[in-house]
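To keep things simple, chains are lettered A, B, C and D as they appear, and every chain counts its residues starting from 1.
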Amino acid sequence: MPLTPDQLAEIEAQRATPRATLRAVSEGMEAHLYRAHPVLDHGFIRVIDYMGDDAAIVQAARVSYGAGTKHVQNDEGLIRYLMRHWHSTPFEMCEIKLHVKLPVFVARQWIRHRTANVNEYSARYSILDREFYIPAPEHLAAQSTVNNQGRGEVLQGEEAARVLDILKSDANRAYDHYEAMLSQDGQQGLARELARMNLPANIYTQWYWKVDLHNLFHFLRLRADPHAQYEIRVYAEAIAACVKDWVPLAYAAFEDYRMGGVTLSAKAIAVLKRRLAGETVTQEASGMSKGEWREFVEVWG
Amino acid sequence: MPLTPDQLAEIEAQRATPRATLRAVSEGMEAHLYRAHPVLDHGFIRVIDYMGDDAAIVQAARVSYGAGTKHVQNDEGLIRYLMRHWHSTPFEMCEIKLHVKLPVFVARQWIRHRTANVNEYSARYSILDREFYIPAPEHLAAQSTVNNQGRGEVLQGEEAARVLDILKSDANRAYDHYEAMLSQDGQQGLARELARMNLPANIYTQWYWKVDLHNLFHFLRLRADPHAQYEIRVYAEAIAACVKDWVPLAYAAFEDYRMGGVTLSAKAIAVLKRRLAGETVTQEASGMSKGEWREFVEVWG
Amino acid sequence: MPLTPDQLAEIEAQRATPRATLRAVSEGMEAHLYRAHPVLDHGFIRVIDYMGDDAAIVQAARVSYGAGTKHVQNDEGLIRYLMRHWHSTPFEMCEIKLHVKLPVFVARQWIRHRTANVNEYSARYSILDREFYIPAPEHLAAQSTVNNQGRGEVLQGEEAARVLDILKSDANRAYDHYEAMLSQDGQQGLARELARMNLPANIYTQWYWKVDLHNLFHFLRLRADPHAQYEIRVYAEAIAACVKDWVPLAYAAFEDYRMGGVTLSAKAIAVLKRRLAGETVTQEASGMSKGEWREFVEVWG
Amino acid sequence: MPLTPDQLAEIEAQRATPRATLRAVSEGMEAHLYRAHPVLDHGFIRVIDYMGDDAAIVQAARVSYGAGTKHVQNDEGLIRYLMRHWHSTPFEMCEIKLHVKLPVFVARQWIRHRTANVNEYSARYSILDREFYIPAPEHLAAQSTVNNQGRGEVLQGEEAARVLDILKSDANRAYDHYEAMLSQDGQQGLARELARMNLPANIYTQWYWKVDLHNLFHFLRLRADPHAQYEIRVYAEAIAACVKDWVPLAYAAFEDYRMGGVTLSAKAIAVLKRRLAGETVTQEASGMSKGEWREFVEVWG
């Protein structure tokens, strides 16, 4: 359970007192505010704040005095045009702030997206909780035999049990020792900034993460992708569900042009044109490498 | 007059319909929303949106579930501590979006602050208005005789009149020709992306500009500084007045530690310590260059 | 002529004294160093410095101790893989520094690429030269009748002559007045930071611009594109020619996957698949808007 | 020993073949290239490449055609002026690329500096080595009793021995289990992207890190500061020693104005001025908080 009753009460208290504002309001997002969407075994994402809505994208693109147009049709067309032609700056005019609880090894991937603002819970200053990510049995996968950075089949039987046992017992032992080293009961007590080094990468950390919509879409495209590691993909998917309620027009354009789209190389365009003209093209005749051809055939048959 | 009656009506319409939100609200900032604060002869700044308040800075610094503490005393102490120790990330958790109308030569300085989001009115796509910055007589200054990038005395008499006359007539002639080249009346009409090259740097442009509070403070420190060019400083000052109403605790810390503060070099520290010990120190004995010593004496006598 | 004899002599002096280095060296780039490649009527780009080569991309991708592999085949395959899968960080490990002379209205577009380092010649501090961009007759185009931000036919006859005459005489008059206002001959002399406001957007400025290869590729993709304004496109093309000599493998991958590639939306993929299966698909049945369909048909017929 | 004989041989091979270049060369930096400077028990920093030197800073500040001036006196004065007045862009014109081996908990602090390029060794793709940071006895410190994020006294006797024993045995057990889970000997073998989650934060990782000189100075100011955690400070110090040999004038200015300098608040300036006038000022009369006063007195007595 990611949140304590006290924390849940604190959240409901924040949701109990709406206030008046003159700013753009997204009803879809108001319903999410502060609430924890569970991810993995102890993690979550919570929307803490947001700025802008679909109309704000249109308004910035036009540098206009009022809100976006009243005709949703026009707004939608413009938003799709902006997305299609990589006009990224109007999407940067929306901003979201999230509170995220996540395993450290996921945080290490996440932080590589640099165009965002982050405040992480400090293990130099504070003591971390005893919470570790232990994969559910159906996510305990073997190394892929075809992809150096991917997973293959789910682990079976005794091996799966052995792995789970290792992960649990090592995490608990590491945490017992963390506490023992920190303790000032009858001893000096190791500095927190040193004791933390004993903790494994599946311990949970948390942070506030703030990002504009353009950079968030970039994050989602890479991390909600089927090739992303499962443990970060589920965070991306939970965020995507909130974004869809926040800026439905922009999200629909993102789904069509980015998530559901593909990029073709000049060579791939040439092959498709030959195919459309009725020709059969082999890998050898395509100019593509074997790996490239395999990826091409996955999409186009 | 920077705004037309239609634009003013549009703004008042936006202010007429408060909506309910669960987000952090800054009453001080709500009073500014959408309204144009005039700057220079035709410019303005308008706050279009904001995210966060003083409590949001505290909340992010603590990575907490609820709002900031209820004790303003504690929030203030923490905010001052963060500012003093250059902990910049909590201030990045607040965001502001402005609509700014400004002369092109000011826009060219402004844009050098890269950590911000911008949508500028496009003179490739649209036709600019006939609005030029013409300095008020008291701001028409001669080149400084001591500072290569500064101003000296105000221009006097005939010279002042001559300069104003040049600026006005050249601007108007340039705009007349701009219109004449664009015209499709009895001719093809030059492309807008080309015609704009005839317009001088005092023509007004406008943009939406979005920035986080940390980077805004950096902008204000450099541009509200007495050494900044007057024409950008007045924009910085107009923004600063809004920020003060938005996040009063953070702004007070900024004033004390940044705007009102100074940075001392190791050499300057050594000189001050010798002075505190009763010694008289000359420039020669200070290890500072003449320029550096002049700047030091300006502050410390 | 963009460079004076003195400047050319200075450049040749810099090229006259090779020095020993242990760093990665790109022979192709050494041939370009310091030399001015003319662009437009008075502009140029010059490569001032560079860091890395194709092997450096490979080396960073592998976080290895030595240089890239000796087998160019492998390096090429890896570089193409990285480009295809949007692994951008290895390309960020190469850096280039350029000296560029360009009209102000081009500089204003260019600066919108924020992830770069810039030092611009300061018209607050110094006096600009009397150099203006005047389009060659074949680039003097009318406004496009189909695209709000594009050009159509070349201007003809008297209209063309009239436009050129306006551009030249307004530029010269503006510069005459700039000099007259600055002059301290018998008058105080207007501050440089004010006098510059009289200069039109086709005056030349110059800057040092430093950027990593990933962000440079992004710049080239947008600015060497046929839809970019001609006056910035020629700069992008001149830079691209140097990049091709600097990192030939990375540039070839960029050409195949980015410059020569296209992005298909989910809807476009569906249409192409139906066509490959022998079906005829109309705009109405495609789910695309008219504008989108027009762009689709441009590529796929 | 951080490097194997093979790696050392590879490095010496790279140093054996100087090549000719027309670029700016820093002799001081050439001596460092590729060589590993040991940090902590298994870490190092190595300079892989650099761009620019002191003259390049001057050249960019002046947007000039040739190299910096021949008069070092002038260059030094200008560089000090730029540093003193926070003109950061000329310093951004120098760039450095490092190969760093460091414990994961140090890497997590380091990566918070976002304006840099990073390629990290991937534990999704590859298997990490059995190398862990175990503090030397003199760096095994207790939690500070006055500072929530600092260290106090060195641990003594049995407690120190107990801590070292825990750190070593937990690290080794975690690594044994990591290998056991990965093994495909008689079992499927857990995916590398999952197995890594069992490894503690003192395991070593490595990356290529590229940054411009301005942002590097910012990093060094925060991380070479006495309040930074020891384990990152030693990396900052090792880098600083190389920077000093690379750009001696810029580094000297950095030392004087940043590392050795202090920032005074408006309140602190007022107190110092009263003291210089002979007055005795108490904390109560200073307007400062107790914490602020303590920090003030640390410097000024």
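Throughout what follows, a residue touches a chain if its C-beta (ideal position, glycine included) is under 8 Å from a C-beta of that chain, and two chains touch if they have at least 3 such contacts.
Every value quoted in this text rests on a predicted model; they were computed, and no experiment measured them.
Superposing chain A on chain C by their CA atoms means rotating through 180 degrees, a value rounded to the nearest 5. Averaging C-alpha coordinates per chain places the centre of chain B 33 Å away from that of chain D.
Put simply, the C-alpha centre of chain B and that of chain C have 29 angstrom between them.
Once the centre of each chain is set as its mean CA position, chain C and chain D turn out to be 35 Å apart. Among the residues of chain B, those in touch with two or more other chains are 89, 112, 118. If you draw each protein chain as a dot and join the dots that touch, every dot ends up joined to every other dot. Across the complex, chain A meets chain B through its residues 3, 7, 10-11, 13-15, 17-25, 30, 33-34, 48-52, 56, 59-61, 63, 65-67, 89-90, 92-93, 95, 97, 99, 117-121, 206-208, 210, 212. Listing the residues of chain C that touch chain B in their complex gives 103-105, 108, 111-112, 114-115, 118, 122, 124-125, 133, 135, 140-144, 148-153, 155-156, 159, 163, 166-167, 170-171, 173-174, 177, 180-182, 184, 187-194, 196-202, 229. Across the complex, chain B meets chain D through its residues 77, 80-81, 84, 86, 89, 112, 222, 255-257, 259-269, 272-273, 275-276, 289, 291-292, 295, 299-301.
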